[in-house]
Amino acid sequence: MRFHDAVSTSSSLASRYRDVRQATSALAAPLGPEDCTVQSMPDVSPTKWHLAHTTWFFETFVLGRAKPARATYDARYGLLFNSYYEALGERTPRGQRGLLSRPTLQEIVAYREAIDEEMDAMLARGVDADVAAVLELGLNHEQQHQELILTDIQHVLAQNPLRPRYTPPPPASTRDTARRDRPPLTWHDEPEGLRSIGHEAGTGPGTGNDLFAFDNETPRHRLFVPAFSIASRLVTCGEYLDFIEDGGYSRPEFWLSDGWAVRTKEGWEGPLYWEKQEDGTHLTFSLHGTLAIDRGAPVAHVSMYEAYAYAAWAGARLPTEAEWEITSERCTIASGHFVGSGLLVPRPLAHRASSEKGPHQMFGDVWEWTGSAYAPYPGFRPLAGALGEYNGKFMCNQMVLRGGSCFSPASHLRRTYRNFFPPGARWQMTGIRLAKDLQT
Amino acid sequence: MRFHDAVSTSSSLASRYRDVRQATSALAAPLGPEDCTVQSMPDVSPTKWHLAHTTWFFETFVLGRAKPARATYDARYGLLFNSYYEALGERTPRGQRGLLSRPTLQEIVAYREAIDEEMDAMLARGVDADVAAVLELGLNHEQQHQELILTDIQHVLAQNPLRPRYTPPPPASTRDTARRDRPPLTWHDEPEGLRSIGHEAGTGPGTGNDLFAFDNETPRHRLFVPAFSIASRLVTCGEYLDFIEDGGYSRPEFWLSDGWAVRTKEGWEGPLYWEKQEDGTHLTFSLHGTLAIDRGAPVAHVSMYEAYAYAAWAGARLPTEAEWEITSERCTIASGHFVGSGLLVPRPLAHRASSEKGPHQMFGDVWEWTGSAYAPYPGFRPLAGALGEYNGKFMCNQMVLRGGSCFSPASHLRRTYRNFFPPGARWQMTGIRLAKDLQT
Amino acid sequence: MRFHDAVSTSSSLASRYRDVRQATSALAAPLGPEDCTVQSMPDVSPTKWHLAHTTWFFETFVLGRAKPARATYDARYGLLFNSYYEALGERTPRGQRGLLSRPTLQEIVAYREAIDEEMDAMLARGVDADVAAVLELGLNHEQQHQELILTDIQHVLAQNPLRPRYTPPPPASTRDTARRDRPPLTWHDEPEGLRSIGHEAGTGPGTGNDLFAFDNETPRHRLFVPAFSIASRLVTCGEYLDFIEDGGYSRPEFWLSDGWAVRTKEGWEGPLYWEKQEDGTHLTFSLHGTLAIDRGAPVAHVSMYEAYAYAAWAGARLPTEAEWEITSERCTIASGHFVGSGLLVPRPLAHRASSEKGPHQMFGDVWEWTGSAYAPYPGFRPLAGALGEYNGKFMCNQMVLRGGSCFSPASHLRRTYRNFFPPGARWQMTGIRLAKDLQT
Amino acid sequence: MRFHDAVSTSSSLASRYRDVRQATSALAAPLGPEDCTVQSMPDVSPTKWHLAHTTWFFETFVLGRAKPARATYDARYGLLFNSYYEALGERTPRGQRGLLSRPTLQEIVAYREAIDEEMDAMLARGVDADVAAVLELGLNHEQQHQELILTDIQHVLAQNPLRPRYTPPPPASTRDTARRDRPPLTWHDEPEGLRSIGHEAGTGPGTGNDLFAFDNETPRHRLFVPAFSIASRLVTCGEYLDFIEDGGYSRPEFWLSDGWAVRTKEGWEGPLYWEKQEDGTHLTFSLHGTLAIDRGAPVAHVSMYEAYAYAAWAGARLPTEAEWEITSERCTIASGHFVGSGLLVPRPLAHRASSEKGPHQMFGDVWEWTGSAYAPYPGFRPLAGALGEYNGKFMCNQMVLRGGSCFSPASHLRRTYRNFFPPGARWQMTGIRLAKDLQT
């Protein structure tokens, strides 16, 4: 079994199922039918599509597997809501998801409710380990889409000259007041050595290894890691402004060749959503609407190309994913904060305990670009069947990101998690941590 | 005064205003917020946009002109709902209208109601001739958008694999039963001569010339028209199928060079919305959902390129717009039929009085491609001010269409009407009438 | 017979054949194999291709017709050197002509010589009227390509930062010295009337009508022309600079909608080949290399969109092709000047007799954009067979140009000649003459 | 010093310089000016450009560095012949190199001769170690372009329907006669372990480490390599035909997501240059013209996407670059064969000693795609100055290739060499070796 889950009793699975599904619905609650229909670019999916696709996943891979004779809810939904499983037949091209006015939001909510009812009934009866494993995958899959619902609607709303906000910011008391441009930065050194990263194979119920992981995090494997030094915290907006003001976007010497070409073609002059004002200051568009740049908060919505250029300008480089994972073992997994606080922007560091010494800000602020291309770990085996397409086939032209953002569900974060996006992607909540070789 | 209108009393203008506005709302009634949001290609606008843009037109050009000191409903709406008036400043690019989830449908309905209320009040007090003229233009403009609401939502719904229908077909009793593939066709001959076409200038209240016309229909002018022969009726789907089956889409000798290039690039093998079935028959997608091809009905949704190729294959040519207009004087202006019958597809000819002898089917079935490029009439003067952009600036790379379709408001049709679209456009309700030189 | 030719004795045809072919070779003489190979955009063809294609035309349509049993020079040349005759089978896509390094220039010269030898022998024996007619078409066709060789190599050389020149300018004595920005301009009025334009059908040997014309110039036909006024001379570079300096390229009110879109997309700020210097003056690239703008010379290398905008700015419009042709009857056909003088730029007007009163500069300076879309004349019949594709299939999305440029062979110019290009084309030697309605 | 060279006496450098430059000229000898001008796609450069660019490299980085006061040969050549050094200012966009008919081939040959003369004189006087190091880089750089001259002209000639050949094949006696589809294949196992790859830093004159290497091959570094198994030979055309015939190009389950998208968009059905005949057999286009597929020869001109899909179909995977380099230590570096034999296609294996037991065919047949994304080695430092752009800035979206092809200069091959191309590139001489995890 490839998915590794502590769940052994249906009751806890049932309650987790309800919780995850409910969290998704809560994310769509502030949005109307029009908001849920728009697709602002091929990378983005309409909220409606996220709501339906995650449901289709449970219907196809859990109910369909557990009850092969069962009638499909709507035979045409596969064509509409299959994301990329070639093994499951034809599907609507990704860039055309915004052309589908039907099913309506209301019809999709009804679809969710019908499948939830069927799932609840099945879970009440109990499921075997195989079904439980796929269900656990489905829950983690839905959590991924929870984050995408937020990144995607931010992009949709940003296209609108009215700059509508998704949700008001929480009361000031829960937000940060003490903002420092350049919170204390220390460099954390790690000696060279033969290390292990990745998630243990042979996990799951009965193995004593309870944690879920995607197939791409396995197997845990040894690798030799030279000595390195890594920044204790993320790059701030204030620091990034220094880069901009020092001509960072017009000096090719800092940029990868492909990155420079994209910058030139797209006319980038700052992170996505930043808007330079006539007085030289910047605003940014967030799920709370248009805000002033918070110089002490982590910079976000930069591509790997920009992260790379910033690092080169700063005389450093991006960490490898192995360096990141090793470092993360010295850091507790802070909760993603949006669930608790209602705050949907990365917080300035001062929000945290000022006494923190070692590496921090590793979970729940921004995804951190690494310098590692996304590739299979040695010994990697994809899942069997159509689910084998879940991760493996994307292992080209993508870079690994680590950590997790303020949009990520708290229970979804772990040290071995491998997120991945093309190096030019900017609409995710992505930021920068610096690293350096450690001369030995 | 360039717009020519019988309206001399505010009361009749007021009631026409209410009627036209109400007709627009009725067209949107079968659609939900999701349907009204989608833009399926840059040529198509979301229903929401049509509803708002027509309202913005009255607010800007009528209320704004009549009451210069009045506060704008929402200062940002110009940016969103200006179509192409460069003189009025920046606007959302045409292809991005589908990215705007806000204002919501409900907000736009509220906008319509607010402007209508203000308009009603103004009309109750009476307006001067200048305002009345622009208001008449606004009403005709809104009628144009009524037709576009239908053509555009047909294209939107056609993208959806669920093939949702806009409205059920009317009961069979109101539809045609006797269908003939090839209704009687006669050729109507006109001798050569110095003729006049176009709408009389110097019309309007007090001139005895009551009819409205757009600026591009003026001035009425003389031109020499050689003898010609024109078909008494439109080309049917059955005839067009013969063309397809005779290899019409793979024989370049019938096609214009540009048309052949488009056909090849787009992979055209039949009219837009036709779908060839495995058994060789064709279905078509309509506002009533998917229907069998009606062999006796006029072919529709063909580009000028296809109309030209069909005509060449048939040993004929397309009529010029002068030939069409001259011929139309021998034909009564039948009502566009959708308002009465609820039927939103072109009817087979048998529906009409079989005793018709002269040219017929000239109004209210399909727009008829002419062989005339859209150009100013001799002596043409565009309207003054921003409204001068209404027609004149499109006089290049477009072909004139004449007649009017089953989507056209009945009161909107007249002999001098000049519709225009690029030669490759297919999403309008466009068909074919043949003509020939008459050897003298 | 559709092509109309004075040639009745083979001897004169033979000598014309030699003269035209030799003129083509002379045009290629200043160019090396590299120059003759490059294609700088799809509209442009390599010189090598022009040399071969015109030869292929004679081989296919003259030798192939006269001697059906004859062996083809190289069976593969049809694939390479057919321009657009769909009836003759597959061919290299237009945009890929610059990918063909072989046959080499030397091989193509050998091909020309072989076909010329065969043609000479055939012409020495005499040909029948049908062959003579196609041969005459071939000669006029080759003359068209003589002009294209010049326009195309100008575009090729212009891409090169070295700005190489095709040929040095002639000694100053043959060039103009007295340059006036704004030579005297008068307006020539024509009353309304039923007029005739086009070339007489039923011409050719024995009919007393000796002149050649292309099929698209026929038949001569009547049309009603309203009174109009037309400028006695062309628009000068100095006048066009006024338009630029008055913001002509940033004021949409003067532009056609399509024209404004192209201007914006392409970033046009002046005619093709104009380069604004840091001091605000302009240089232009010509076949004589980089030159200062001659303010008194006709503006050239403008699209119809720019011509239209200029005319609107100047309170005028472009003439129709009928207006142009009627006016041209009052003007002698001046020779295109390049053959005699070696001068390959339009001359300033002062070069001409200053006493000229009526319309002048109508032949041999620049092609003049008209406001007429390219369409068949009433009663037009294309040539039979593959040659029927020569003109007719391009009658869409093109505008008619009249007159002839300083690149045109002198013997090629006539009043009825209809040149045509898409409204956005700028690499031809194209300029502007103004016209106006004449209020009667 | 980063470039590591055995050259300590100017005399040997001088003779190497002459040899390398002469070899380049010899490669261009079979080509005429037209062949040397054409650019068939942006990835390809005209031969003329290669000849000039390599010369510009010596002029700029060697002569310009050694003699700062020296006059540039032609100040405009930097603009034309700079490849991608942003630090050196503006340059002609890559895709427009084929638009430059000037300088002519003859002028570029003169440029080469002038620089060679100057270089010879300088080398006769002796150069210091810094200059020698850059000169060595220049020679290796020119050798890279020697291979590109061949890959690029193959692509240029392949566009021509005449299918011209670059050079006739050598006499049959030097070619292979015994051709086996499936030569013996063994799997070579390597145990897991901490290994070292890369080129030793601190090399060069006086260090006892004489070999040149590019900066991207350094530093030599340790890494942990799990146990693996690697194929003793390359995949043959016969084996690849099995993949094709088994539906390899229509079964997405074997393909990376990006690869499948490219295959679909481009319509790939076999390697580049393969043409399926009506009888089902395949021909291929080579520098010797069109040839039958040699089923026993290594497959070539496949992208990484195809290599990956083939490996997945075969139940294997591509080796990592570390696996390849480790394995190569068990294999002698065979000469690239083209220099000796005149044979410009990969040879079937039977050509080699049949007694070979261990890994073979690792050098001089085809470049082998690895599964490793191109990234900096731990501790990598790019060269100082403009030359730092040589390799480092391409470390994204590219895959590493190892080995060397039959187009590679023999003296250019070594175990640590890292070639790199985007995963979709096919016009290089690229093939496949399989690997597998070794279960321990």
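Letters A, B, C and D name the chains as they come in the text, with residue numbers starting at 1 for each one.
The rule is simple: a contact is a pair of C-beta atoms (placed from the backbone, for glycine too) under 8 Å apart; a residue touches a chain by one contact, two chains touch by 3 or more.
Given the structure is predicted, the values throughout are model-derived calculations rather than measurements.
Taking the definition of touch as given, a chain qualifies here only if it contacts chain A and chain B alike; none does. Each chain's centre was taken as the mean of its CA atoms, and the one lying most distant from chain A is C. For the pair chain A and chain C, the distance between C-alpha centroids works out to 60 Å.
Rounded to whole angstrom, the centroid-to-centroid distance between chain C and chain D, based on C-alpha atoms, equals 48 Å.
Averaged C-alpha coordinates give centres for chain A and chain D that are 38 Å from one another.
Among the residues of chain D, none is in touch with two or more other chains.
Taken as a graph of touching chains, this assembly forms a single closed ring in which every chain touches exactly two others. On the chain A side of its complex with chain D, the touching residues are 84, 86-87, 194, 221-224, 226, 252-253, 255-260, 304-305, 308, 371-373, 375-376, 378-379, 389, 393-397, 423, 437. Every residue of chain D that touches chain C in the complex is listed here, in rising order: 32-38, 40, 48, 76, 79-80, 92, 96, 98-105, 156-157, 159-162, 164.
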